[in-house]
Amino acid sequence: MTGGALLAVDALPAFVDLPFESHYITSIVRVSLYVSLVAVAISTLFSLPVAMVVGFSEFPGKSLVTAIINTGMGFPSVVVGLVVLFMLSSSGPFGPLGLVFTPEAMIISQFVLATPVITGVSLAAVTSVERNVRDAAFAMGGTRLDVALVVIKEARFGIATAVLAGFGRAISEVGSVLIVGGNIAYADGTSYTRNLTTAIQLEARQGRFETAMFLGAILVALVLLVNAAVGRLGGSGRTR
Amino acid sequence: MTALLEVTDVSHTYDEAVFEGVSLSVERGEVLAVIGPSGVGKSTLLRLLALFERPDRGSIEFEGTDVWAVSEGQRLEMRRNVGMVFQEASLFDAPVLRNAEYGLRVRQSWPDRVRRGVADLVGRRNGTSETAREALSVVGLEGKEAQNARSLSGGEAQRVAFARALAYDPGVLLLDEPTSDLDPRNTALLEEAIDEARQREIGVVLATHDMHQAERVADRVAVVLGTGIAEIGPAERVFEAPNDDRTRKFVAGELVY
Amino acid sequence: MPIQRRRFLALAGGAATAGVAGCTGMFDGEDEAADGGEDGGGDDGGGNGGDSAASVEGEELVLTTTTSTYDTGLLDEVNLAFEERFGTPVQAIAQGTGAALETARNGDADVIMVHARGSEDEFMEEGHGVNRRDLMFNDFVILGSPDDPAGIEGGEDAVEAFETVAEAEEMFVSRGDDSGTHVAELEIWDEADAEPGGEWYVEAGAGMGDTLNQTSQQGAYTLSDRGTYISQRGEIELEILVEGPVEGGPEILANPYGILAANPAVHGDRNYDLGMAYIGFLTGQEGQEVVENYTLDGEQLFFPEAISEDPNFEQYVPEGWSANGDADDDETA
């Protein structure tokens, strides 16, 4: 899918005269996808166990965790960007890692943004799985892990929705990645930390609205494509 | 020889006492019907037997071993000797065969399970599903293997649930009012399947509020009234000549709980 | 190496999406990832042999700079030339002058290229920066819509023009972002007999490009560096109403750019020597030639200032700094 989208962009200038280099666009798309897909993948691996624990067990501080998840869903991305910058900056606690102004810093801030969304929506999905089904998995000799896997499988459509919502939040936010990534592209037009949203912001700032619009169209197309892909993947599991 | 399943002096309380001092036993190849009015605690008893939770007092022994006196790992092994069918639909959102195989799958090693999962994704089925197919044929569901379990009728769903529990050949089979929502034909098919379980030397505990069903399929009957077993004994005797006064009224349909 | 790594990571990302897309895509992705892996392996092998001679290759240089150098396209031009010469790609972060210096204060930049002498001096006095050089200059111009409702066109005095706009209460859009341009604008207001405030004075809180867009949309006035204006004048409806010193306008509209390195004593993990190489390159013949020759729409945007026979000592130290003060300290010590 990505390959197709990138090829299409590569091929475009052959017959349409666009006011930018296709290499510039493809590298921006690559950075966008790399950062957001990795952030969402890590976030999903983190969020699912959290949703399971919050959904099915009692522990002190549970209501606090729930409150964090709920407020985190609407957390302003620039604030997240600022906090991540403070953490990663050379003068901050994680400065020695040298992560500030790297794609990895962008992954961290998108992880922070996507996680409450993915956890919150997954939590709703897993807790709506019938208790009977969980009991059946246990009674058939399933371990706690088996029961958890059954719950995740039963809630797969809700979880897919959660992952998509998280991906949408990650790939379309501009505030935090601008702050922690620095919107860096090398002089030869290869993006380092410039993704679609920060590029759109930059192009609009410079009054190059056509390029900004084109990038915006790619962003929307990517979100639609990922939605369709996840929808198809989820749909193939169900043979009604 | 020790009993397959021995319950001794079990008490259990939720908001108020559900049981006080309940004792019973189940042998291989016998069907014990637990009858009693709705809300008396039949489901609670079966959940205790399936080791969902620990009773407040008393002991539950499988083949002479107290299930709550052993390690977690050993308890899992004991738990895996139990099959259960629930009152409400409890099938997984997956094809019928996958449901029937579930117990077999969780008993496999992780490498095998992963290999099997990959084979499923690629669409190549092979290997261990023969036992599951055989269990489906016991409940008359050959040919439905590929259908999604959620699209089955209520009767078919309960039969798949039965096959799912039968497939891994448990020593004890717990049936919690499996036919309460079913039509006569599906009820008959399930009762045949219960008979098949008895033939396979499985000890069956059947909770039911249907006395006629208990008469049809049970070898022995335990009548649960109030917070304890009012009477327990061979089915014929309990129904024809109950010792207990309340049992007599309950069997006659007079005791409205 | 950074480029190779990026490519591999990008491919891995691609493979992940392809995986989501289904089986066919998955195999495509695997092929790509495998290719990427092989490439990486080959480069590593090379790194142990011939490549190791290229000393600065694989190092990173982080430059924080103002949006004006970036948005005009000059920065890409000089950075390409630098990369050709030293093999190190420059990671340029375009911010307002204030933010650029703040980022460097946090130890997140090797070199700083800005245009607000006062802020640069403060930065050096705090010990964060060393080796400041005058780099180049251009000028600010006062822009407004062609109908010029306040009637400032052709004026020779920037301060007077500001006063006129304030008196007429015609809309003025300020950068409002602590950038070099913003600082220069506030200095003019300081000179003027008028207070910037009231409903006619709005702060964009944005870069020059955004501010120009906004000014054009509103038919308002603003102060802009000439370079950004030229690079964007095709997209906006704004004209130069008061010229800067490049076209004979007042000195107060001069816009000098300085470049300096993060102090290695304070920011020990920064790449000081590479930063100095960058400063050396930009203030040397080749870099200054790139600045000189950079044109947009046929117009030169920046004027090199680094190469001079005059000693021009003032460029190295904060303005008004005197050696005597320092000597006194030595005596008391």
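The first chain written gets the first letter, and so on, giving A, B and C; residue counts start at 1 in each chain.
By our rule, a contact is a pair of C-beta atoms (placed from the backbone, for glycine too) under 8 Å apart; a residue touches a chain by one contact, two chains touch by 3 or more.
Since the structure is predicted, the reported quantities are computational estimates derived from the model, not experimental observations.
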Disregard chain B; the chains then group as one piece
In terms of CA centres, which chain lies closest to the overall middle?
-> A
Most distant chain from chain A by Cα centroid = B
Chain pair, A-B or A-C, that carries the greater number of C-beta contacts = A-C
For chain B and chain C, let me know how many angstrom lie between their CA-based centres, rounded off.
-> 76
Separation of the C-alpha centres, chain A versus chain B, in whole Å, is 45
Averaged over CA atoms, how far is the centre of chain A from the centre of chain C? Could you give it in whole Å?
-> 31
Residues of chain C defined as touching chain A within the complex = 2-3, 6, 9-10, 12-14, 16-18, 20-22, 25, 28-29, 32, 62, 67, 71, 75-80, 83, 89-94, 105-108, 206-207, 209-210, 212-213, 231-232, 235-236, 267, 269-270
Chain C contact footprint on chain A (complex, rising order) | 1-3, 6, 27, 30-31, 33-35, 37-38, 41, 89-92, 95-96, 98, 100-101, 103, 182-184, 186-190, 192-193, 202, 204-209, 226, 229-230, 232-233
Touching residues (chain side chain B, partner chain A) in the complex = 50, 52, 76, 79-80, 82-84, 86, 88-95, 102-103, 106-107, 146-148, 150-151, 161, 164-165, 168, 174
Residues of chain A that touch chain B when the two form their complex = 130, 132-133, 135-143, 146, 150, 153-154, 238-240
